[in-house]
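Multiple structures follow.
Below, subunit A partners subunit B and then partners subunit C, in two separate complexes.
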Partner chain A sequence: MEKYAEDREFGPPDKKPHNEGICLFSDSKSCYGDDLESILNEITPKISGYEETIVADPHGEGLDLMRDDPVEAETTILKSSLWLVHHECIIEDGLKDDFRRAINATPPRTHVCILIDAPESEHEEIEEDLDEVTDSQNVFTVKSKPVLRNSIRQYLDMSANPKRGKEEVIEWNNNVCDLIDARS
Partner chain B sequence: MVNETLALKRIGEWADLSGEEFHLYLDIAADVQSEKLDEQEGSERLSGEQYFDFLNEQVLPDERVIDELELAGLSEEKLQRFRDGQVPILEMYSEQYKLDYGLDQVADFVMMLKFVRDYMKLTGEDSVAPRNRLQYLLYLVNLELSKEDTLPNRSNRTTLGNLEHTGYRYNFSKGSGPYSQKLYRDKNRLFAQSLLHEEVMEERVSEGDEPYEISLGENGERLIAKYGKKLDNLDSVLLKEWDLQQRDVIREYGTKSMEELKELVRSMPQFQATPKNEELLKARQRDFDEPVDPIQELMLNV
Partner chain C sequence: MGTFSSIRSIPFSEFLIFGRSETKIFAIVASETVFLGATFFVAKPPFLPIPFSDSAALLITGLLTVVLAAALYVLLSGLGYQTYSAKFHSPVHILKCWAAHLAFSTVVIYIGYLLLVYPYTGSIVLQPVDIGIGAVFSTGYAISIAGIIYGEDYFSDNPNTKPEDIDQFLTAAEDLKEKPEPEIVDEPGQLIQAGDSLLTGLQTSNLEGTGDLASDLQDWLETFKQRELQGQKKMVGDLPNSDAQFSVWEDRYNAFQDLEEELREMDNSASRRVVLSVRGK
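Right after this comes the complex of A and B.
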């Protein structure tokens, strides 16, 4: 990952799209039964300027990294500005404190989406268990695949897309480079 | 700072949509939004209120969105707000972030703001950095309060000394250092209101340290400029004791390097005797029972 120049252009004629990391934390490596790539395949045709100003770069190994070494994991997972976390990874894997710390380490604009994948009758209890992890303005929960799909689409089209405003993308990218550099 | 990604979802929830109708609305609204954004000239990013105005003016009243909402059986009153571009999006966000809290929570906010201002003033630093220094120092404020029992006419029910009556309402647990999630929650709330500012440090930090620096935000600077003198001369005995201890902690520990600060706290008997992840120090126990006018006045003006 390299710092972007303040005057960097992303779209044509340079065609140097922003590589947008999406990190999945899930034991099954899937979201509501679908793999992340197939969800992205449904979404990306609807992203304005896809492959010109932005490309999505999915990573499915988030949970393995957190289990191996939560502190070391941060140097990899911080490079993704959208984290998709299955609720069981936080509640049932004993990684609640590690996730809380990792989320606290993210720069503003990194989004953490927690996938609640359970019968509706269990949602309230799960949300209570997630308390303190979700008590941050960049963390939000989704409870179904269509809402997840829409959230990813919104994020890629609105928040992470240089076509909609490149300054914040450049700032986020350079902040992450500084963060990783500060840790090395 | 708001999370704009969630706006369409929040609007759908406000409209009481659920199930398939909610999903259809999300898809249609996202299509319309993308189309309208593509029609706009320039690539300046819409954020916050600008974005909400864009939604109300161009996306939500679009006939494709309205048709879908009519099919979903939305109430006429809410439907009219979509047609008129009067959906209260800002309120949906401000309800989450507004500083509409009780006196005791407000006291935590103001004293944290004052801590950051006093830290910069007394140490000559531009910010509190790295970010976990704030955890260590506010822990020390409460710890020192718990060691003294000097407040007049107070009877203690616990062994927390002055901390029973004054100090931060943050429970600290033992991690690699003292840690309070509520402290960070409040810090985030102050950041959301531009009362505190947080940015990535340029200097390198040790592993485990959080490479962010905290200073006053734009609104924080403004408030301190207006009310700083009042906050330096607090009438409330409880707040005065808290403030004195806070400043003593800054003077004694504020200029120590992070390594020295960690070593000092980790070698304290209370820290050593506490198992990892267990409670290290309780929060202030009692609510304030006397007026703290300067704080109320200050926060009413946020």
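Right after this comes the complex of A and C.
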């Protein structure tokens, strides 16, 4: 990951689009029963300037990295600005404190989306369990596939797309580079 | 597919000029006239200037033909090595080219024999010594054709950097895969530079199959250029050892493996592959 120049342009003919990493933390690799790749395939055609100013890539090894070494994992997962975390990863894998630390370390505009995938009757209890993790302003919860799909599309189209505001994207990218440099 | 049907499926000129420009055909025809004149000496005495017995002449011409035919194979193998087509690095395919060159040159030499010797002998049937000397001339003529093609490349303004590009591409990919992220300096840049150069070579090649490989390489390179280091490493095989890997990365890595296989095939000439297989490597 390299710092972007302040005056960097994205898009054709020669410029590299912003590479948006989407990090999934899930044992099943899926989101509400759907493969993340298929969700992205549905969404990306609707994103303005996709493949020109922005491309999105899913990375599925987030949970494995956290299980191996939560501190070391941050140097990899910080590079993704959209995290999709299945609630069980936080609650049942004993990684609650590690996730809280990792989320607190993210720069502003990194979007942490916790997927609550359980019967509606259990939602309240799960949200209570997640309480300390969701302190950060970067954290959002979703409880259904349509909401998740809409959230990802909006994020990729509006928040992470240099076409809608390249200054924010450059600032986020350079913040992450500084954070990673500081750790090495 | 049989030998004849495979030969028919490829333009004959590919076998003779290895996808080089058509102007070389004219150069070959021009050189042919020189050899037509030289075939004057193919006939029996009084046109054979050196007084050998028939059996000695046959032995000498036979040995010379074998040596020249082997030299022709090595020469054609070198020409095939310069191309961007994996097929032209195959010993069997070069053997087909070798046969095509010999067939073409034998026909030319025989026509020359008929034109220049028939008026004196009144026979179209070759004598044993004529066959021996004709074989030497035919292989010599075939070597001259291959030499013309070689010479055109030698004096060309565009040096063939394919071997260096393949080496740089594969080395950069290997380093990118093996090294941890903090140790990676310019491997992605080197891979892109070599890949672009190979792509230009493939796109400008007129040989069968190079268009498909160019298209595959272009697609893969376009994606590679758009990815961050984390994704670039996955594209050359640094995939997490878990079932959390998305198939999109596996597909991209599989595409790289196919490209790598084709490039490795292009990294050895046909004659070198023959030598290696003889040595059992």
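Annotations
In this section, the second predicted complex is superposed on the first by the 183 of 184 C-alpha atoms of A that agree within 3 Å, B and C clash if a C-alpha of one lies under 4 Å from a C-alpha of the other, contacts with A are read in each partner's own complex, and residues count from 1 in each chain.
We take it that a contact is a pair of C-beta atoms (placed from the backbone, for glycine too) under 8 Å apart; a residue touches a chain by one contact, two chains touch by 3 or more.
Note that the coordinates shown come from a computational prediction; the quantities given were computed from them, not determined experimentally.
When both complexes are overlaid on subunit A, subunit B and subunit C end up sitting side by side without clashing.
Looking at the shared chain after the overlay, A:155 reaches subunit B, while subunit C stays out of its contact range. Residue contacts after overlaying the shared chain place A:168 against subunit B, while subunit C stays out of touching range.
Contacts of A:64 after superposition on the shared chain: subunit C is touched, whereas subunit B is not. An angle of 150 degrees, to the nearest 10, separates subunit B from subunit C at the C-alpha centre of subunit A in the overlay. By the touch criterion stated above, A:16 is placed in contact with subunit C alone, subunit B being left untouched.
Set against each other, subunit B and subunit C touch different numbers of residues in subunit A, with B touching more. Using the contact criterion defined above for the overlaid structures, shared-chain residue A:181 touches subunit B, although it does not reach subunit C. Using the contact criterion defined above for the overlaid structures, shared-chain residue A:147 touches subunit B, although it does not reach subunit C.
Smallest inter-chain Cα distance, subunit B versus subunit C, after superposition on the shared chain: 15 Å.
Overlap of the subunit B and subunit C contact sets on subunit A: residues 184. Within the complex, the subunit C residues that touch subunit A are 181-182, 225-231, 240, 242-248.
Every residue of subunit B that touches subunit A in the complex is listed here, in rising order: 1-6, 8-9, 22-23, 26-27, 30-31, 33-34, 37-38, 43-47, 96-97, 175, 181, 184-185, 188, 192, 198-205, 207-208, 210-211, 277.
Contacts from subunit A toward subunit B in the complex involve residues 46-48, 71, 97, 100-101, 104-105, 107-108, 111, 132, 135-138, 140, 144, 146-147, 150-151, 153-155, 157-159, 162-168, 175, 178-179, 181-184.
Of all the residues in subunit A, the ones that touch subunit C in their complex are 1, 16-17, 19, 21, 24, 26, 29, 36-37, 51, 55, 57-64, 75-76, 79, 184.
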